[in-house]
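I am attaching a structure below and will ask some questions about it afterwards.
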């Protein structure tokens, strides 16, 4: 195990922290960096080398994973004044697991290629829990012959690593899934609410939908109505799960991608607006299935 | 078999015709009526008694099934000048399989109760094919103790008979399912379209969605993108299936129910508008999954 | 003045009360009825005759004005067990100033015609203040040769009486205006909010819009942003004005009319949903321009 | 006149061509560049100097106007390999009249400032006709003390030059106006369509709206219904005017700005989708008021 070559890891936040730990567990020497030095401390104790900049990471590791909150952060880490590209070695493999605009992934890939290195986008699905348990799903875009090399690292952190196509398609797959998820969730919430107001028992209605053509993951696995299922956020006052503010972020990326490709997304666009309004009305940190609560309140005079 | 008591059947259109035939096959003497006399001729040849009005049907049969295209038709057949209620016998069981506004079902139920008879709403899902094959699903609303009597007849025409609650809940369940179906279908169509424009292979994208949280009946069983699945309308130029104009009708009923109960249905409302625009743009008779085609066309200058 | 023939008035609520008083002021003997007897007391003191039912009003007056909160109320007052039609005299003129579904207006007109009387729909715009001041606008639908007779009465209560066409078009005009108003108001609110977040001064932005193609009544006469104009509800914490719950009601009527005529109204439909959500979020009694407040809140984590 | 100092002009397309000609008419020596050499030829004949790159323009003129189709073009012209910034002189005044993302305007302003020059965004409203007639409206963002210098040039091309605030607010004002315009136009189109289907005469309905709270520029100055007004695109089969594809572009910019500032724009977002669908359905080159035609078509089976 000790003979494994080091892996760089940049971005040790809520998601990056448990992901990097899983690399350590699998015996990889980790070269760590985070813009907040405190985030690195824990890794120092675990034997990781902590560096002063993304450039320093690139100097010491030729395989690097980045996990950052937004497109501007990713640009800074790759192409900034102390960015990876300042010192990246030829032939290095750079894997970005951030969820960002696929157009930005393509830009970064071009810049990386110019330096003779390889870039892949590999955003994840599954939240902090899956990151800890090491069973994230990775959706990977990039040159196909490098996929095996990427997979070797990603399987330390996830149970499912899917090749999606050229650079940017990992992001595209994630954005697409989450857009359809948001639409189905809002649709399920408003349908359940309408059914209840028309006199249907919510459990019975869920059962009917789930054996019919209205069935979807939001109705049969993650039902947003309290009392219909156990072990889901709706059974726990919408705590835990996938936060409304994160869903709003992903829907914003979908909007930008759709705008740039001139693709009509009438319901995706409306779903974005609804999650945006929810954020403004105090739901930012609740699970995104709280849209049921947002829509159901009785009118009061 | 000959000893079975007669069953009235009013409304022998695309759906009513094969449904009534299945009653005949099960040995029920059928007392038939349709506003278009030609529609009855076939049943005369099958040995059914053909009558001149709904009232006449009510005089000769104490179990009646109605299958009509809209709320005004249903009102006319029950409460019109020659309607069922003019001659209905006490204790009769009247089952309405039309898809109509649940508020109208409740009105009819009240009028029927005043005459000492019983009314149940029992709309169907599954189109003409399921009607012929006798495997429709019936969603039934009404007094629970009468459900067994209704089920005896309905199982001759359907494979699935679900009790939903008090009068109107059969309609409510159907409307709710179809609203969520429309939302998921449009969502699937725009998601697939966006993914394709972002460089994803449609089959691969469908596979990713179907193993993720974006999964829904429209993505895994009835995918709207040509080439992704076989045996669905999208594989056959959107012929057959469930027509856009019928979906628009059901979404209109959902809108009216939501308006009357002051229920916010932001995506259901938008789905209604999209199917309405499709009807105006020549898609009325195509399967409702043709929304993919409606949204995907390239812009041309 | 004393020689004027009596006028019936049914529905003495927030709007009906000041309207009927203006008839009294103009010297008309008023025959009054309201479902809540207390509502009539004040009119007794003013010398009006108070009756026990709409039928009684019809017995004593051959010109009647009705001002009721909803379609079911209007149906009851005209066609109910003690309704106007039980005792209406031939040649009577019945004017309904309620805001209801135009399809219901047409139904009532048919029933009234059968009795040999005349029905006109004449909904108003302008709220309680305009009702008191006698400067409401009436939009009138019905047979054109009766318009002058209607106008004689309506000018006692309004400053503007517009003939719109056959029965139902008064309702249609009102519903159409309010739908476009709601769309423009929400549009103005979201535009002002976006501009402010992009660094524009709200007063300057309003000025630019008002001299450009974005100009509308909601931007130049009733701006929803506090501080931009004086003497409007936004300058007074959205008190007074036209309540959100009333706007939601009118948008519901627009939806039902659009559904019944198969007319696509994508933004009208979304506007309905937004006012519906506002009602559920505590804005029911605020002026409808409070949509600016509903949309603007900052996201808080 | 001959003593006037030269003005650079980059981007001689549909709009830039007549704008630059108006500078020539006012006696300014023009230093011209366009990516398509043919576009410059006409200016050579008019006595302008034609250059090989934006950098060359910057070398010869210290006041430059740019008029480009999109954000990427603007970035290239300013910061590209042969861009303005390669040779810009200290103290130069660079005015960008392109309609682009205000965030990009801010980026460009920063880069320009670093070189010791001044950047202002000054997008226009009014189409090719107004550009020819020299009565465009300019909405200007940038440092206030430079506004007079900019205004001197812009008044040669426009009749209305409005100072909006810091850099980016010119774009913001334009985007905001056009978003509200699109919302009002679609709203007017669907309202007129609904009114017509409910039996109202379109001219009468327009008159009622225009004297009521539904009044907006789209109803009273640019009515989308053929036969209501003369001299507008709806009177001429929607030819001329402001193309649907241009409106879709501006709405895309509004979406991106709203997404980046987390501003809910529910109707603006839906308006974007509708113009996007119209582009895909063959309306790209028609005036944006053709949305009436898009929505009104009768359903045909």
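Letters A, B, C and D name the chains as they come in the text, with residue numbers starting at 1 for each one.
Definition applied: contacts are C-beta pairs under 8 Å (C-beta built on N, C-alpha and C of every residue); 3 or more make two chains touch, one makes a residue touch a chain.
Chain labels with UniProt names: A, B, C, D = 3-hydroxyisobutyrate dehydrogenase.
The structure presented is a predicted model; accordingly, all values stated were derived computationally and were not measured.
Q: Any chance you could name the chains that touch chain A and chain B both?
A: Touching chain A as well as chain B, we find C, D.
Q: Based on mean C-alpha positions, I'd like to know which chain lies farthest from chain B.
A: So the farthest one, by centre of C-alpha atoms, is D.
Q: Provide the C-alpha centroid distance between chain B and chain C, rounded to the nearest whole angstrom.
A: Each chain reduced to its C-alpha mean, chain B and chain C end up 37 Å apart.
Q: Where the CA atoms of chain C average out and where those of chain D average out, how many Å apart are those spots?
A: From the centre of chain C to the centre of chain D is 40 Å.
Q: Rounded to a whole Å, what is the gap between the Cα centroids of chain A and chain C?
A: Using C-alpha averages as centres, the distance is 50 Å.
Q: Residues of chain D that contact two or more other chains, please.
A: Residues 262-266, 270, 277, 279-280, 295, 299.
Q: For the complex, give me every residue of chain A touching chain D.
A: So the residues of chain A in touch with chain D come to 248, 252, 255-256, 259-260, 262-266, 269-270, 272-273, 276-277, 279-280.
Q: Using the touch definition from the top, list the residues of chain B that touch chain A in their complex.
A: Touching chain A from chain B are residues 102, 125, 137, 139, 160, 162, 164-166, 168-169, 172-173, 175-181, 183-184, 186-188, 190-195, 197-201, 204-205, 208-209, 211-219, 221-222, 254, 257-258, 261-268, 270-271, 274, 295, 299.
Q: Can you name the residues of chain A that touch chain C in the complex?
A: 245, 270, 277, 279-282, 284-285, 294-301
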